[in-house]
Amino acid sequence: YTVENELVVSAAASLTNAFKELGKKFESEKGVKVVFNFAASNNLLQQIEKGAPADVFASADEATVKKGVDSKALLGESVKIFVSNSLVMVVPTDSQLGLTSTQQLTGDTVKKIGIGSDNVPAGRYATESLTTDKLIDILKPKFIYADSVRQVLDYVQKAEVDAGFVYASDALVAKDKVKVVATLGNHTPILYPIAIVTDSQQKDLAEAFINLVRSEEGLKILTTFGFSKPDTK
Amino acid sequence: MFSAWSEIDWLPLWLTLKVASIATLIAFMIGIALGYLLARTQFWGKEVLDAFLTLPMVLPPTVLGFYLLTIFGKKGWLGGFLLEHFNYTLIFNWHGAVIASAVVSYPLVFKSARAAFEGVDANFENVAKTLGQNRIAVFLRVTFPLAWRGILAGTMLAFARAMGEFGATLMVAGNIPERTQTLSLAVYDAVQAGNDSLANVLVLITSIVCITVLVIASRLLKSNHW
Amino acid sequence: MAINVNIRKHLIEKHRRFELNVQFQASTNFLVLFGPSGAGKSLTLQSIAGLITPEQGTITINNTILFDSQTHINIPVHCRNIGYLPQNYALFPHLTVMDNIGFGLKKFWQWSLNKAEQQRVQDIMHLFEISNLANSFPRSLSGGQQQRVALARALVCKPNLLLLDEPFAALNPLLRTKMRNELLQIQKLFNTPVVIITHDQADVDAFGETVVIIDDGKAQQIYNHKNRIRETPDLSITNLMLSNHEALNEA
Amino acid sequence: MFSAWSEIDWLPLWLTLKVASIATLIAFMIGIALGYLLARTQFWGKEVLDAFLTLPMVLPPTVLGFYLLTIFGKKGWLGGFLLEHFNYTLIFNWHGAVIASAVVSYPLVFKSARAAFEGVDANFENVAKTLGQNRIAVFLRVTFPLAWRGILAGTMLAFARAMGEFGATLMVAGNIPERTQTLSLAVYDAVQAGNDSLANVLVLITSIVCITVLVIASRLLKSNHW
Amino acid sequence: MAINVNIRKHLIEKHRRFELNVQFQASTNFLVLFGPSGAGKSLTLQSIAGLITPEQGTITINNTILFDSQTHINIPVHCRNIGYLPQNYALFPHLTVMDNIGFGLKKFWQWSLNKAEQQRVQDIMHLFEISNLANSFPRSLSGGQQQRVALARALVCKPNLLLLDEPFAALNPLLRTKMRNELLQIQKLFNTPVVIITHDQADVDAFGETVVIIDDGKAQQIYNHKNRIRETPDLSITNLMLSNHEALNEA
């Protein structure tokens, strides 16, 4: 069950704005309609594993794609890293605490910190970074776990938390409400993989789309939305 | 906020109305059938079955969607069967949204209908029988109209719930603009994209549409004269 | 008409228990059930209508077996074609007077009644002086109006048998006399046998071709042919009721 | 699947029961008050108000949570007031989960109660008045018991909904293990983490608990004798 | 008792319209309302009880103004202390017979009745021969049993005024006579004035100290003092009713 001349792309919600642009470009170039399905990466994989008719899967983290490859839902040889992201610390624009680094979060003035839960890639990266910096044990009692990066942003915007960890691309979306005060290091590179779905009937088209995403032009669009070029090793 | 109006795509609205109406219709029929069954029969474990049938209320919609996917997906037993024999799937199309919404909202009709049916005085049904009406006629002409107030309340809740359904729909039908993106998914999308003003406008539209439909329904369908 | 009733039924509600054990037969057109409050008259009528299923016994009307516990015959209520006026009227609250009366004439797939049936409804409303109420809902009717609507609803279907539970109780004497005569007319016209529950001596006088006294769930039968009834003194039945249960049961 | 039992933390269960019970209680009171008000008064725009009050059903819970945060948050008008004057906040603690669940589920009680109250025959209330009972007494001794069947059905739906509430709770109370993580959040987490066996066990527990509560409630609270 | 009723009220249902315009007064202990079906008797009783608010007029009982449209007095129903037996009984379906009867004695914050009140309920049940029904629910009662429970419920509170809408209609003659005597006894004992609607000549004979005939929403008053009524021939009132409306209104 696949409609001819239609490409179904399941993409992580954080890619929504950028991929809509890319889709328009692909449609005008190939004359093929791109149908997007945006949701959290793991939900998308669950759909694909249960037989949802997607052609391309663009995930926000490598673990999800690896799971898909292991379960043979995704074509292992098609997996490509197409973009990278960075993890930043944001505070409300009107924050009076003068925070400029993760170290300062240990201070008494900081009561609550928004962070993604273990299900959220951003949360895992943040935990990893803070663990390496040996801050995690001190900060843990202050954590408010959220189930998406969006939620962390909301908490920061509404000043419910004093600081939060989100992707640079997300911070950009809300740039008038939150301010980026630090970029976190010491974590596995945040790489976005893209892959072809095993059951896809239009693997050629899928590949063409992936190529567009990875092209110079594609990358240019992605960078305007806060993503960066992956250092392909 | 007003600049957001221009961004609005009206397709999700029609889709939502279509999906919610059909889902409500299905929920209505299933809910009434089950409600009548449980109101008028006695069997062991009836209350357990009743509670079991309300479970779609208690599961987080995303989780419910996950299970629906397991059943209706290509690899699910029902989904596989449908695909093989009829080359039909409801994953990633609006039929899926209808199923998800109907499953989530039928308990509302069912519970209200059961209570309403149980509240119907048996005298009226008895007299109808002596007037030569068979079981179906008694149901359609007496039991159902007398239970209507409660059923209608449940159905209106079901419609609201179906319009707002989001978690299960997202899983089963996907969040595909112009195909399965209902208003609530569009709201989700707008929120995800950080477009708060669009989200506000969409919520406003959803609310207005829902209120309008409910008010019209209550005008048209309510029997105030008795 | 030949009616033969022989039924047993226990009704239990918490610690209270009522035993219905009624036997009677008649071959007259009118049969009056008479007896004190709570004796089992309404339950007997409901059994004949099929709304209560006896535990044991038989009910036959004109050689048609409606119920027989031994051969497991139990004709469904809606197939018995019996007109029934319940004691509490049970008018359909969601239907107008006209629709209440026409209820039994309409099949559920019909949109409306045909001309002839509509006329029949009009006629009976006229007869019962409730034409002006045609479009009213039951809740706005007076007690007597409700009773007449319920009576009309039971009569209009031309049933094979009429079961009337105190049909004139809510009417004033004048109207009662009129309705009594109407009922006699209707009975003569369609030759429908009538079983009637009443507390009114005048009803016994008018309809009491056969009188069955029911007390404490048991029936005691008296034949009272019409030509003879005029001779019986007023309140004869009531006086009979004065004798206690034992006396009745022994007799 | 059984290995998953050992992973289970029973805290979310108690938390869920606590939150759902209190939320249901609140929903019950608000729903009955509103239902009675709309059933017994006439005013312009009544049906619009009725539809408006069912809006929590129609908004995706996450979106609802977003608005609740706007109201009850530090910067929200109510939240700010509470924080300033009482040094109290319900954000990120289980009170928030209660509020979120109550808001999501009160329309279920409200709609059912309104229909049930409207179905109560005024004759009974009138007679009660002639027997010297004032408005409150008539309500408590006649109207309410006669409407009980419908109200109970709505309340049971509300309890199920409160137990399953997730989206709004997530936003308002946060998903804080041992503090605000209810069963549905735990289920959601397990599903998101792809831990299907844990998810299945948790769903099973949720279902059993919900069924048990509903069955017991219907045994205890249902009046079958009339 | 001195009762003074002077009320006007329009009831409109769709195209049907009923105009109630009733005036009467009496200073006797019993007042009988008599008249054809749909005349406005029940509506008059409901107005006195306060369940219907007239558009215009006054209602006074023993110099207490219950209602006055000009001075905007309208004593709430629950403060009137009036015992009311509605025509359809309206027994509370969720309460047992005992709880129905004790309903007016219990305050809503009370858990149960005190000893004396319980005794009172027992006594009246005994008097009305419904003691065995104490724990039954109304739906399992016969018509006559329901009527007696409703009557007991209205009487047990020792109201200042009793309004009875055809209180004996569902009873057999024997019981009717007994209940009639009980009512006379109770009236004498507590000196409670009684307004009673009836279609039964015997009730008129027994209670008709003052008879008010209501027809087509209008009242026509006849004083019929007790000592005189024995002399009036049977059905005198009914005969009166035979005269048409115009004659009545002119008279």
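Odds and ends about this structure:
Letters are used for the chains, namely A, B, C, D and E, taken in the order the chains are written, and counting of residues starts over at 1 for each.
The definition used in the following text is that a residue touches a chain if its C-beta (ideal position, glycine included) is under 8 Å from a C-beta of that chain, and two chains touch if they have at least 3 such contacts.
All values reported here derive from a predicted model rather than from experimental measurement.
The chains in contact with chain B as well as with chain C do not exist; no chain meets both.
Summarising the inter-chain contacts, the pair of chains with the most C-beta pairs in contact is B-D.
Chain centre most remote from that of chain B: E (centre = mean of CA atoms). With each centre defined as the average position of its C-alpha atoms, the distance from chain D to chain E rounds to 46 Å. In whole angstrom, the spacing between the mean C-alpha positions of chain C and chain E is 28. Inter-chain centre distance (chain A to chain E, centres taken as mean C-alpha positions): 79 Å. Computed centre separation for the pair chain B/chain D is 19 angstrom, with centres defined by C-alpha atoms. Of all residues in chain A, those that touch two or more other chains are 43, 46.
Multi-chain contact residues, meaning those touching two or more other chains, occur in chain C at positions 88, 137. Contact of a single residue of chain B with at least two other chains is seen at positions 62, 66, 191. Chain pairs that touch one another: A-B, A-D, B-C, B-D, C-E, D-E.
Per the touch definition, chain E reaches chain D in the complex via residues 49-51, 76-84, 86, 88, 90, 92-94, 103-104, 107-108, 137-139, 153-154, 157. Remark: chain B residues 121, 123-124, 126-138, 140-142, 145-146, 148, 223, 225-226 touch chain C in the complex.
Only residues 1, 8, 10, 13-14, 16-17, 35-39, 43, 46-47, 49-54, 148, 150, 153, 170, 173-174, 199 of chain A touch chain B when the two sit together in their complex. On the side of chain A, the complex with chain D involves touching residues 40, 42-43, 46, 67, 112, 117-119, 143-147, 151, 154, 158-160. In the complex of the two chains, the chain D residues touching chain B come out as 47-48, 50-52, 54-55, 57-63, 66, 107-108, 111-112, 114-116, 118-119, 149-150, 152-154, 156-157, 160-161, 163-164, 166-167, 184-185, 187-188, 191, 199, 203, 206-207, 210-211, 214-215, 218-219.
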